[in-house]
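We call the chains A, B, C, D, E and F, going by the order they appear; numbering starts again at 1 in every chain.
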Amino acid sequence: MSERYPLADLDELPDDLRERILAEQEKAGFVPEVLLMFGRRPAEMRAFFAYHDALMEREGNLSKADKEMVVVAISGQNNCLYCVVAHGAILRIVKKDPLVADQVAGSYRTAELTPRERAICDFATKVNLRSDELSDAAFAALHEHGLDNEDAWDIAAITGLFGLSNRMANATDMRPNPEFYLMGRVPRQK
Amino acid sequence: MSERYPLADLDELPDDLRERILAEQEKAGFVPEVLLMFGRRPAEMRAFFAYHDALMEREGNLSKADKEMVVVAISGQNNCLYCVVAHGAILRIVKKDPLVADQVAGSYRTAELTPRERAICDFATKVNLRSDELSDAAFAALHEHGLDNEDAWDIAAITGLFGLSNRMANATDMRPNPEFYLMGRVPRQK
Amino acid sequence: MSERYPLADLDELPDDLRERILAEQEKAGFVPEVLLMFGRRPAEMRAFFAYHDALMEREGNLSKADKEMVVVAISGQNNCLYCVVAHGAILRIVKKDPLVADQVAGSYRTAELTPRERAICDFATKVNLRSDELSDAAFAALHEHGLDNEDAWDIAAITGLFGLSNRMANATDMRPNPEFYLMGRVPRQK
Amino acid sequence: MSERYPLADLDELPDDLRERILAEQEKAGFVPEVLLMFGRRPAEMRAFFAYHDALMEREGNLSKADKEMVVVAISGQNNCLYCVVAHGAILRIVKKDPLVADQVAGSYRTAELTPRERAICDFATKVNLRSDELSDAAFAALHEHGLDNEDAWDIAAITGLFGLSNRMANATDMRPNPEFYLMGRVPRQK
Amino acid sequence: MSERYPLADLDELPDDLRERILAEQEKAGFVPEVLLMFGRRPAEMRAFFAYHDALMEREGNLSKADKEMVVVAISGQNNCLYCVVAHGAILRIVKKDPLVADQVAGSYRTAELTPRERAICDFATKVNLRSDELSDAAFAALHEHGLDNEDAWDIAAITGLFGLSNRMANATDMRPNPEFYLMGRVPRQK
Amino acid sequence: MSERYPLADLDELPDDLRERILAEQEKAGFVPEVLLMFGRRPAEMRAFFAYHDALMEREGNLSKADKEMVVVAISGQNNCLYCVVAHGAILRIVKKDPLVADQVAGSYRTAELTPRERAICDFATKVNLRSDELSDAAFAALHEHGLDNEDAWDIAAITGLFGLSNRMANATDMRPNPEFYLMGRVPRQK
């Protein structure tokens, strides 16, 4: 647990945030540390999740797995342990693939991806590391895979928003909950 | 004007956003392009400005000029023309200094800054470029100038949030309004 | 499986290599792909494992876990999926810690390490990324933790040897066996 | 001579290594420092030279001069004085070209090379500096010059093996014997 | 004003330099700090301006605005405040464009340039940052826009000469005169 | 010989340049290619050598060997073959040391230098690669070795001026005369 910033006390959070956190806890079985860290500043937390939900739930040509792949790829590039581990878990689950997250976190170039997925990661990487070099050719490369400029916007904004959370996680020394490391690696028993 | 994304039509925006934009227009005399670009996606725009206002208006040990200095410094590092020019204008105005923005946008290391301002830029730069290297020593360097961990959070979050807008501005090819280039450079006539 | 290089056929390997591979298979329950890839060139494979064993089994002040930590840290820096996944598994097992490998693979700077472990990773990182900057101060930093120049040699040679296998794995497009991804993450059932 | 590690005493080395060293001495007229440094650890030395000989003596489409060119090019990139100077000497001799080594050590891009040699250096450079970016196109570029995937393996393995010796030379502060600097620069007198 | 080096005293300068400086003062209304800094070493100053004039006044296919654009672009890449501000002013004036300098100083890739101007900046950037990668293709890209090898020479030499003054300005902590920041931003009143 | 630019014809050069070149030829026994390349533009050539002579012949605390060491170090960093080879020859001769140039060209950090020489190379390297980071501490490090700010100016200006010639040599594809490679490596016979 971070020594730089004490986590928020769940009982003292505003109702809307406590409810969101309890809902997450119900779903996951634990409270992700990011929620109690971001909960230290309720207005910022509300803004972050409003942005997050707007992007991750928008209906476009990108699947939820595509979007989580972007999160994992750029979090790896930004050396953010928390986001690699937590969103790696989500990626394994939504993609029903126990291996992909570790592959993408290291370098999407050696991951087993489709050409369309690789094009998405190429675009996200340009946004992440040298956005002033984004030329029309970068957009055209997405178009070749049936993705339009609104999808490009999604990739860019997801890259930017998680670039923000990567930096906050590293600055606050956020620790991924141990449960995240294992989620989605083993088939659920019935 | 961007050829990648048509700007939002002010008349068709939701009331709350249109009012915010009209208020900005009244204050500045023009509508900053970022508002009409972000207006294409109202939910994201609301989230961005909620985050922005929470950070920029929080009362702490950082002045508004300190915060805008961070925005200009990291926007320069991220090669974002829109944010350098638009926030450069704001920095000139709030700091009542016609020269500082051009200095900080290039490299804060050669700018005429106080040691405290330099420490703020040092911290923001670590957050921006290699956040996994943020050690306790980086926080201690802020403490020496009377800044606490909540101020460090502000610097980190401002760096992250504008890192997001830097990337969106470059991806959408946002163009700074010509008025921004000149604002704050000449004393107002009375 | 790599399309660039067909794997060796176990039955056609020289006896000494086939026996080593069968021994590994008995221990792990599967044949790590690296053995069948390196098996394509028996003389090189023998040399690699002779070097490997000399380093990994030398008695010094570095534990086996320390050495595997070095392998994982530098393989992450070199973006080698195979070595991160395979040696991540070994690190989890020898350190009896299901979390450490993912932490070190991303960035040892945000991993939960002791100061001694961090010093080892600092030294390995200098060797890996800019070995001409290795000054006497780098050795002195190891001495502070009870490590001597022979331990420094071990770190340097392990970094170099796995830098070689990182490059071979990426050049041959070696794929980690799926079993590696999960090994050491869950306590053995009794 | 290195102050970090005393060199091995030739008289106390195991017979096989002493014989190899004496043979080298007979051929060159002096004992290359690398042999006495590596001799400190006989098992590692045997492994290194077994690997070295397997690669450098394999019959393929790469000449000995091609292979030494790779060594010099990547040793220059890795800032390894010992290997640049010692293998620069070998390159001059086997290529019967007194100028090529200094050219390749600096930057093969400005060296007087054939397109085939340039393609070899391009591939080695990718292996050396960013092996996860090795795509099928990198292999195809070799194929255009009559080189096959086994030759590519040679380039990759030579790059990796000398990347190891580059790092060991810098870590141990190995000094090239003065004789190496001049070898192959002047035509032998008859 | 620099604390590292006292500026030259105009009255004590050799006649030829004092006259050049007075002429500049008459034209600009102030004495650019670079003149008094370089004036500390008259022989070097004469050489610098002889080189400068030979390049900037040569008749070729590059306009004066093209040449000043190169100066601003590479000075931005080299983080030289003095040259960005002083030559930014000149670029605004000769190009009669109040916006272009700030655009080019940040990243010419997001500036509103013609394809020909972009090709010029591409070439200058290669010269500035990795001149050993200048291939025949880089020259061919200029030829496509009606520029010949003498124009390429001009771009290379301007990039090199201002790379020298960038480094001198940063080493001496030269401060741009405040007047430069505003020049060329507002239409002259009649 | 460069295919991009035909060399100047000695007979058609202005008298002053032809005489300088003939004097060099008399001293060295051959005409260095740089003179015939720069001779293509007499005014620029005169300016270059005026600058060169002012710096290299100024009497200060830096010896000629110190100055040539700076040239070789930064030419290596800039990957300029011509300057590494030609000034490497000069450095060997003026320092009466046949080994130092190859050491410094690769990486001064592994060269056999005195602490004072290392401090000079540290300063030159900062000037060359990131001049905006030159702080007062960089100057203080020179002062510790009896060097003053005028010597610092010399180092900075030599670094800048040869940074210019490095870029011109690479842009014009200048080839070092074969004689340079050997000069100063063997003791003169008497």
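Please note the rule applied: contacts are C-beta pairs under 8 Å (C-beta built on N, C-alpha and C of every residue); 3 or more make two chains touch, one makes a residue touch a chain.
Note that the structure is predicted; figures quoted are calculated from it, not measured.
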Labels of chains that are neighbours to subunit A and to subunit E: B, D
Centroid-based (C-alpha) most distant chain relative to subunit C: E
Equivalent interface to D-F, taken from B-C, B-E or A-E so that over half of the residue contact pairs match: B-E
Most distant chain from subunit D, judged by the mean position of its C-alpha atoms: B
Relative orientation of copies subunit B and subunit E, as a Cα rotation angle in degrees, nearest 5: 180
Inter-chain centre distance, subunit C versus subunit F - centres from mean C-alpha coordinates, in Å: 44
Subunit A and subunit F: spacing of chain centres that average the CA atoms, whole Å: 51
Centre-to-centre distance between subunit B and subunit A (centres being mean Cα positions), rounded to whole Å: 24
Residues of subunit F whose C-beta touches two or more other chains: 79-81, 106-107, 109-110, 132, 170
All pairs of touching chains, each written as two labels joined by a dash: A-B, A-C, A-D, A-E, B-C, B-E, B-F, C-D, C-F, D-E, D-F, E-F
Touching residues (chain side subunit C, partner subunit A) in the complex: 76, 79-81, 84-85, 98-99, 102-103, 105-107, 109-112, 170, 173, 175, 178, 181-182, 185-186
Partner subunit E, residues of subunit F touching it in the complex: 4-5, 41, 43-44, 46-48, 50-51, 53-55, 78-81, 127-128, 130-132, 134, 136, 139, 149, 152-153, 156-157, 159-161, 163-168, 170-172
Of all residues in subunit A, those that touch subunit D in their complex: 106-107, 109-110
In the complex with subunit B, residue positions of subunit F that touch it: 132-133, 135
